[in-house]
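Okay, got some structures for you below.
In the two assemblies presented below, subunit A is common to both, partnered first by subunit B and then by subunit C.
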Partner chain A sequence: MSSPTLQVCRECGGGAPVDAHFCPQCSKILTLGRHGDYFAFLGLPRKLGIDAEDLEQRFRGLSRKFHPDYFYNAAPAERRASLERSSYLNDAYRTLKQPITRIEYLLQVEGLAPKNPQEASRQVPPALLEEVFALNEELDEIRDLRSGGAPAEAWKSRLERARRPIEAKRVEHEAQLEELSARWDALVESGAGERDRRAALEALRDRFLERNYITNLLAGIERELNAAL
Partner chain B sequence: MAYSDKVIDHYENPRNVGSLPKDDVNVGTGLVGAPECGDVMKLQVKVNPATGVIDDAKFKTFGCGSAIASSSLATEWLKGKTVDEALAIKNTDIVNELSLPPVKIHCSVLAEDAIKAAIADYKKKQASEGKLSAVSSQTSV
Partner chain C sequence: MSRAVGIDLGTTNSLVAYVKDGVPVVIRDRSGDGLVPSIVSVAEDGTIHVGREAQRRLLTDAQRTVYSVKRFMGKGAEEVRGEARHLPFRISGEAGGAGGSGGVVRIGLGDREFTPPEISALILRELKHRAEAFFAAQGDIDPDVDRAVITVPAYFNDAQRTATRDAGRIAGLEVLRIINEPTAASLAYGLDKRHTGLIAVYDLGGGTFDISVLRVEDGVFQVLSTNGDTYLGGDDIDVLLMDRVLADMTPVASGFSRTPEAVQAIRKAVIQAKWDLSERDDTEIRVGEYRKRITRAEFEALIQPIVDRTLGPCRQALADAGLAASQIDEVVLVGGSTRIPLVRRAVAELFGRAPHSELNPDEVVALGAAVQADILITGNREMLLLDVTPLSLGIETMGGVMSKIIMRNSTIPATGSEMFTTGVDNQTAVDIHVLQGERELVGDNRSLARFKLRGIPPMPAGMPRVQVQFQIDANGILSVSARELRTEVEQTIEVKPSYGLTDEEVERMLLDSFEHAEADFEARLLIEARNEAETVIQATEKSLRASDFAEIDKAELAPGEREKIESVLSGLKLVLNATDRETIQKWTKALNDATQHLAEVMMNRSVSAALSGKNVNEV
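Now for the complex of A and B:
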């Protein structure tokens, strides 16, 4: 990694750590330029296990420090820096707050964002595709029944039956993501080598790719159930 | 973003929706998915054993309008083509025909993938069938 470790304060010209928010020399707010990532911005290691309360406190603390109200009478560059840091902070907090967007973000900053679609497609187990396809067909049939004016009793139980396996899959999938997240954190803590880290991230990505199928299906089922109300 | 007229036409009147008997030795089935959007696409071809030409093609896609249009168009193009000609269909042909915007190019990739998977399945079936019937065909030819 060749990311810079220092940034230059535009106010006093002094050097500051790349993830500092205020200049250690002149204590002015630093322009948001090149810096690390959401984790580093919040002073966190690049781990997936994040304590919600700790994150909240960090967010609130920085939020107060960057608040544009405090820079009302400051120079334009500082006012802009306060706005930029506030906005970046909001993005960082929103992304890291949810475990799912946190994983997605980690994969992105670690360079494991989706490759080309053809490759991604091959990483999804065929058995899952089969299952998803069959459930989609079942949903289609139920939709036809409903729009054909069939009484609710006729298709509601079918809908519930269709939901059970996919709901179970969602629970199982979440547990797998948690387990893989914990594995990643352990590797970060032990300072494991690039190969082990890469393998853990790839496993995480493969699991992560299955997520859209499961959530889309569940959303489809929910829509049908709500339409019944 | 606006869909082109051709996409809308295929979406509203999809051609060749349905399925072919999966266990038929002359039928090849391809089931593919796009993890980034959660789409699933099934495409099937039925090859005439005498001529090697694709007689029939069917699809069923659960996904966005572009994915449906891409697979619908693919089945139209497949009919009347030989297996090798079918493999020559490129996703860029689909992009051009349907004027797909850049964010929807992956839908055409999915369709090309589905064609390749269906043909591969057909070839696999034929190969294992060929081994089984090799003995009997020696006498009949």
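Now for the complex of A and C:
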């Protein structure tokens, strides 16, 4: 499936590249109809390594170009276009700023996002079966201790201990995600073929889902700890 | 060319400013006073006083005088009951929130009732007049002021922002933009020096507290995070002091009777003492014969809990911006309550640096609003404000849980969308409940509105894919649109604000009618005629849709009666938007007449249905 490369200016009917913000012919702001993705909108390649300061500068620069403040006296169509473009810019900036949401977005535009994200985050990833099984057993025992009236210190330190391997997994996964991100970027740069790209993305997706699962596990342990207070 | 101004619509005082040769200036009265107390008083003869005169009347005619109305903006009556303790005016209003709709506080002054936006509109009109008199005096050809930027606390929710915008409209102003007070202040501060870096704005006013963290670079003032409490400010300090005085006084039985005026005299005395204690180590609270010495140490012990309540939001804002307090380059103080030494010490301690206060903390917000008004009308691109939405926006999902669609601290304008489908075959409408807040459960968050999504093409259950798009504009105000993706059919949305006025209500309240009475009279009659027509249309359509209508049609209506109703109904719909009032009224009457028999039939049926459900003895 090839993505569209042209859009049409509703003002003058002229053609413009899909990621142009203003019409090259009449210089009016373009309606946000047909457009690329967040990366292209910000003029960035579809890569996961993004320089934070560069992103900030692009964001500020584009904000200055089409923020609604500067279109207050413009025609209604231009005002609407400015609102749409600014909203899209803000959404793009917010998504690409954090490495994790950036990966999630890349998977989505590459067509690899889980169809039902909530469903996916509930299923135990095969690579984590062992840890999750051990943790659940431990949690059951801790709950028994608690309801049996054991002193807080006793089961709390056990809960802390149960958290440690999960925490270690998280650190491991963040490192792997970074590594896989770098691999993806290298493939984009070298213009690698569809098969290699696909494989890299699939690895990225699996780590990403596992990482989400781990984050949820840790949040669950956190809740257990706080519930006892 | 008429003028545009910036307005700080404060809890205690309001100000108006404009930009002269690139520099914002507060507009003052002849005695040099820039503050208009945010107080409105309605005299026995109906005369309306605003500002200083209204303030004086608090001591002589307290029950006809309202202050701190900002605390009631966008609120339901049940939310503000606790506040009513020391207030001289009556508060009432229908319930709002999850169950009902349109719950708005009503403020009773004498025999009249006002909504908070109407009171605020009276204050705005006073500021408008002050500015117009000023421009006329300096010889402007067109001194009219018809456009304004109005500021709100950053932590104001959608209902409170909308109420403020309504107030502007009621006052006959085109509201160019609603902007946040701390952000406006930063804009005013950014003028004299070329600021770059991370700035925290701590804004403790009469009724509200805000903290905003900004990054300023290349003239772009980008808010990274904001937090606050819209029910925390100098008013709370006053109430603490008043309670102490009242508790101290009563046993003396010094002939003091607790009339509203006497309570206001105490309020005035404790406010004076509060001010004194920012300058001195001790002072005396004086009310009539009553004297009470109070030291700064005692005062600080008393208000410590209030100051402490501002620190949690500060820490949260820093955490949300991903910053440590030590990374903040500059701290700016805004709002009269930041004159209190304890507040300054607490802020200095939290951020590890002395805060700025070169600009008058009472005036800096209005100055920033004037700068923003100038940007909007001239297209001056030197500076740009990028603000955020203070609270997450979401919808109610299964099990009474809120599902977030736009997260707090998202830069605005922002969008979010959500897919809906149907649960029953051929279902054509879906109910949506929009919420604002950070909590898990619906009941713990603020109900903004209920929407009914209509016009979904009939399909098997689960087939429609209705995309609902939420748009927060640059004012921080929400709008909603919806589209069914399979058929590309745009859905209509009926908005029922949980707390707030409908457009029609705002129209009816326009203060313009005071000034251009005659032109408005006809316009109002036209609006009323349309409203009446709409009521009749809705009632008729409801009857035609009733589940037993087909049965009634067959058994009770004369041949051709239904066709007649339908043709008059479509006729009235056609003329509804005409500007000819009499035509609308003629068709309304025709529809009324045509449906009279149907209405009687339906009424009889519902009465007999109600009776048949009970046994004879109960009747």
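Assume the second predicted complex is superposed on the first by the 200 of 229 C-alpha atoms of A that agree within 3 Å, B and C clash if a C-alpha of one lies under 4 Å from a C-alpha of the other, contacts with A are read in each partner's own complex, and residues count from 1 in each chain.
The criterion applied here is as follows: a contact is a pair of C-beta atoms (placed from the backbone, for glycine too) under 8 Å apart; a residue touches a chain by one contact, two chains touch by 3 or more.
Just so you know, these numbers come straight off a predicted model, no measurement behind them.
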First (subunit B), second (subunit C), both or neither touched by A:N90: second
First, second, both or neither for A:V132, with subunit B first and subunit C second: first
Which superposed partner A:R60 touches (first subunit B, second subunit C, both, neither): second
Which of subunit B and subunit C A:E210 touches, first, second, both or neither: first
Of all residues in subunit A, those that touch subunit C in their complex: 56, 60, 63-64, 67-70, 72-73, 83, 86-88, 90-91, 93-94
Residue ranges of subunit C in contact with subunit A within the complex: 176-177, 217-218, 220, 222, 372, 375-377, 379, 381, 384-386, 410-415, 471, 473-474
Subunit B residues touching subunit A - in the complex, by the definition given at the top: 31-38, 40, 42, 60, 62, 106, 109-110, 113
In the complex, subunit A residues that touch subunit B: 114, 116-118, 120-121, 123-124, 126, 129-130, 132-133, 136-137, 209-210, 212-213, 215-217
